[in-house]
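These are the structures, in structure tokens.
One chain, chain A, appears in both complexes that follow, with chain B as partner in the first and chain C in the second.
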Partner chain A sequence: MKRRTKILLSLILIIAIYVFVYFSELYMDPFIKRILNTGLIYAILGVSLNLINGFTGQFSLGHAGFMAIGAYASALLYMSPETKMSNFFMVPLISPLDRIQIPFFWAIIVGGLMAAVAGFIVGAPCLRVRGDYLAIVTYGFSEIIRSLFNNLQNITNGPLGLKGLPTYTNLWWTVSWTIITVIVIKRIVDSSYGRALKAIRDDEIAAENLGINLFKHKVLAFVVGSFFAGIAGGLLGSLLMTIDPNSFSILFTYQIIMIILLGGLGNITGSVVVGIGFAFLMEWLRFVEMPMNIFGIEFPGILGMRMLIFSILLMVTILFFRQGIFGKVEFSWEGVARLFQKKKVKE
Partner chain B sequence: MQHLVNAISLGFVFGLVAVGYALVYGVVKLVNFAHGDVFMMGAYMMFYASVLFGFPWLAAVIFGIALTALLGVGIEKVAYRPLRKYPRINSLVSSIGMSFLLQNFAVVVFGGIQRSFPVPEMMKKTIILGEVRIQSVSIYTIIFSILVVLLLTFILQKTRIGLAMRILSTDFETARLMGINVDRTISFTFALGSALAAVSAVFYALRYPQIFPFMGQYPGSRAFIAAVVGGIGSIKGALVGGFLLGMLTVLLPAAFPEYSGYREALIFALLVIVLVFKPNGLFGQEVGEKA
Partner chain C sequence: MTPQSAEATKTSKSVAKQTVLKMEHVTKRFGGLVAVSDFNLDLKEGELIGLIGPNGAGKTTIFNLITHVIRITEGKMEFYGKDITNLTTDRIIRLGIARTFQNIRLFSNMTVRENILTAFHAHLKSDLFTAVAFLPKYKNEEEYFQQKTLELMKEVGIEHLADNISSSLPYGLQRKLEIARALATNPKLLLLDEPAAGMNPDETLELNQLILRIRDKYKLTVIVIEHDMKVIMNICERIVVLDHGVTIAQGTPIEIQQNPLVIKAYLGAGDEDA
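Right after this comes the complex of A and B.
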């Protein structure tokens, strides 16, 4: 298939998605819309973590920390001074932040950039530690962030968190950012950088011997990955309308890891589909916590059952579907074309 | 002085959990994220044994330790053994999943509310030495921890299975060629590690007699840091790391109360700094990267 046709088809798909967004913003049930928004944020997180974990093979547990940075940095910028006043009743906010307010888009970008800076700081020591140790260092990093945010009351309002964030996040924002994330990361993965990243994943020493600059490429993966994590954090903050440091705990990172594992490490399509599906699944699973009536017997709803099922699912995936549900199957226009051709042959 | 005794006994508790980490890591090279939750399960089993079945306290503790050891073996069989031939990162993820599973299992089965751990009269006393008031728990913790560590050293150095464990920690393949039953040795390691977690759960629960499904997280992460700082895989290192953390946890807020909120950040910063500048920890052996 020609490159031009492919770009054309992608453009058509994007336009179709936006048409869908336009109508769903108008007519869709707000509850479903909210789940879809969450799902798209999960998709952004999944794809960005996949760049670090799946393509570069650097097992990072710090994604929640990057998100927290993005969420706080952007929230402090787009909140109106009055809301800030009412939030910071214990300790006042430090001087320049309490008066400024900038548009949502720029606030999100700044949040992403702050997270990217943090990504650079975390990515830099990657050259020295690898494997399990890297996982530990990144885990430590996200705990440091959480602890700092709990204590820096004059910036983050401590454990009280920020409340009453204005809701800017809607499907336009989340869909656009998901598309941007997918395109950017897809482009990186397909470029020479991406091949270098995969080489590092497959054999670090061999890659280094081939003249690949390990430091540059690992840091690149971390910076890009954490930038999008920051963006997703900003979007999530505005969607949930409240953020506090303890919601960005290691559990959140586990959920994202679960998403990329289910979707397949190094599989962008998988991350997006599973990310959206995951949000719906978690809502749908709420029914197990409700009181049920099966064959005339009353079952009381058991709290926490949802998470138990979720963790059993995670274990099953790890043990039996190590390649994820999608394995190595990526979405591509050639694949779609092949699907149609096969059908024709059968007819 | 009072703080010092507190710090030492807390250090021993962390140290014991950390030794469990170190033991498992030393033999199978797996960072067992579920260790803290095995610890929690141990506390619950003792709780149920003594409250529900009415076992006497000591019997309940021994029963709990035995069951926890069995649980450890079971976890290894289900979650880690099938993944042994795949890259290590798979087992790491599996242990994260297992930790998740145990916590949620506890929420569903045991309930999310806090329960109070039974504390025998003997442990409730407070010994007063001049100016210092020492809880008798602290003394018992120190004495029993030393005994447990001595016993562990004996098992590792003098018994056949200890010898097998030490061989496994250096080379898997060679050990198999030498006719060592790898599976059984690893099972034994997990049993030992989990039993250690249960023992430390006793002392921890005696200090803070509240048990709940997420109780394993705090000591788990603490002990984990202790094990890493001390050089993961080294038992001496784990003990020293536990000590260090116990000191930090107790003495830092005592000395600088206004900074006590930053304790967590500081402890994790210590972890990161040690890993970046001395990746093998304070007492770790130098291991070449992928020969």
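Right after this comes the complex of A and C.
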């Protein structure tokens, strides 16, 4: 298939998505809309973590930390001075943050950039360690961020968190950012840079002996990945209308890791589909946490039962579908064309 | 021990041959173990030399020292007159040294084509933005890489397997792919670590021809580590013999075959056996 045809088809798909968004914003049930928004944010997180974990093979557990930075940095910029005043009643917010307010779009971008800077600062020293050690160091980083945010009362309002954030996040924002994330990361992965990243994943020594600068490329993956994590953090903050440091704990990172493992390491399609599916499943599975009556026996509702089901799902995936639900199957226009051709033959 | 003089007469036609790699008093110690001791080498452009020795003699260590996979303890290395003793691996490779590995190190999840394409990355001039936006500059580079990759696959005879996953190739072809990948980095000096290991006699013969052909075609200087004497004795102009990190002999294949020290290193001393 020609490159031009593929671009044309992709453009048509994007337009179709936006038409869907237009009607969803008008007619869709607010509850479903909210889940869809969350799902798209999960998709952004999954795809961006996949660049670090799946394509570059650097097992990072720091994604929640990058998200937290993005969420706080953007929230402090798009909140109105009045909301800030009412939030920071214990310790006042430091100047000039208490006075400035910038548009949502730019606040999100700044949040992403701040996360990217953090990605660089964390990435640079800790990329000297590999494998399990890298996982521990990045986990440590996200815990440091959490405890810093809990204690920097005059910037983050500490454990009280930020409340009453204006709800700017809607499907337009989340869909647009998901599309941007997918396109940018897909293009990186398909370019010569992507080949270098995959080479590092497959065999670091061989990659280095082909003249690939390991450090530069690992940092690149971290910076791009954490940028989009920061963006997702900003979007999530405005969607939930409240953020506090403890919501960005390691549990959040585990959820994203679960998404990329279920979708398949190094599979962008998988991360997007599972990311959205994850959000819906999380809501749908709420019934297991309700008090139940099975065969006449009353069971009290247990909080966290949902996660138990996800854990089982994850174990089944790891045991029986080592490469995730999607394996190596990526969405492509050739694949779609083949699907149609097969159907025609059958007819 | 002046093999240089013999070498000089041999290549007297072109007196002004440039020194490619110069290693002076190179020593590597792992704690108390001396892996390589006082290794000297003066490699002229276009030479094809063999590095032999019993297992554990320090041959691969020398390759690892040249490409800075491990740090040198003492001594100095120059590549085309440039000091490379303290450069990082990727810098050294970009200067024009390429290597293959004793235990094949291919990118096992990638296709044959992708394996070779990856090797061009070090010479990519487009920055990340240009690549992601697929601007003409990157597009041209990518097309050039694709075309070069095809040439290299044809060179070693694996073009019909271009889209196969590299780990699915038979052993001999994996070795060839590794050579093609090394060539893609556009080297001036090629280090081959046991290229004939695991090959049958026919394949070995073919490999000999391949090494000679690529040396002439790409104007390479080559160092070969090999246990298979059919490779070493047939194609190498000069041989360096190592034993326990010490250079015990240097010279032409015939000189080496008759050298008592070499025979002792390989077969053990006569009185010990008796």
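Just so we're on the same page, the second predicted complex is superposed on the first by the 333 of 347 C-alpha atoms of A that agree within 3 Å, B and C clash if a C-alpha of one lies under 4 Å from a C-alpha of the other, contacts with A are read in each partner's own complex, and residues count from 1 in each chain.
Keep in mind that, in the parts below, contacts are C-beta pairs under 8 Å (C-beta built on N, C-alpha and C of every residue); 3 or more make two chains touch, one makes a residue touch a chain.
On a predicted model such as this, the values are computed, not experimentally measured, just so you know.
Peer 1: Label the relationship between chain B and chain C on chain A in the superposed model as either fit or clash.
Peer 2: Once chain A is superposed (C-alpha atoms), there is room for both chain B and chain C without a clash.
Peer 1: More residues of chain A are touched by which chain, chain B or chain C?
Peer 2: B
Peer 1: Is A:Ile205 touching the first partner chain B, the second partner chain C, both, or neither of them?
Peer 2: both
Peer 1: In the superposed arrangement, which partner chain does A:Leu214 touch: chain B (first), chain C (second), both, or neither?
Peer 2: After superposition on chain A, A:Leu214 lies in contact with chain C alone.
Peer 1: Just chain B (first), just chain C (second), both, or neither: which does A:Phe120 touch?
Peer 2: After superposing on A, A:Phe120 lies clear of both chain B and chain C.
Peer 1: Does chain B (first) or chain C (second) touch A:Phe321, or do both, or does neither?
Peer 2: After superposition on chain A, A:Phe321 lies in contact with neither partner.
Peer 1: For the overlay on chain A, what angle lies at chain A between chain B and chain C, C-alpha centres, nearest 10°?
Peer 2: In the superposed model, the angle at chain A is 80 degrees.
Peer 1: Based on the superposed arrangement, let me know which partner A:Trp333 touches: chain B (first), chain C (second), both, or neither?
Peer 2: It touches nothing on chain B or chain C.
Peer 1: Is A:Ser191 touching the first partner chain B, the second partner chain C, both, or neither of them?
Peer 2: It touches chain C, and chain B stays clear.
Peer 1: Pick out the closest CA atoms of chain B and chain C after fitting on chain A and give their distance in Å.
Peer 2: 11
Peer 1: Can you list the residues of chain A that touch chain B in one structure and chain C in the other?
Peer 2: 205
Peer 1: Can you check the complex and tell me which residues of chain C touch chain A?
Peer 2: The touching residues are 67, 69, 88-90, 93-94, 98-99, 101, 105-110, 114, 117-124, 126, 128, 131-134, 138, 141-142, 145, 181, 184-185.
Peer 1: Applying the document's contact rule, which stretches of chain A touch chain B when the two form their complex?
Peer 2: 59, 125, 128-133, 135-137, 140-141, 143-144, 146-148, 150-151, 205, 251, 254, 257-258, 261, 302-305, 307-308, 310-312, 314-315, 318-319, 322
Peer 1: Taking the complex as given, what residues does chain A use to touch chain C?
Peer 2: That would be residues 184, 187-188, 191-193, 195-196, 198-199, 201-203, 205-214, 220 of chain A.
Peer 1: Over in the complex, which chain B residues touch chain A? Could you list them?
Peer 2: The touching residues are 31, 78-79, 82-83, 86, 88-90, 92-94, 96-98, 100-101, 103-105, 107-108, 112, 221, 224-225, 228, 261-265, 268-269, 271-272, 275-277, 279, 289-290.
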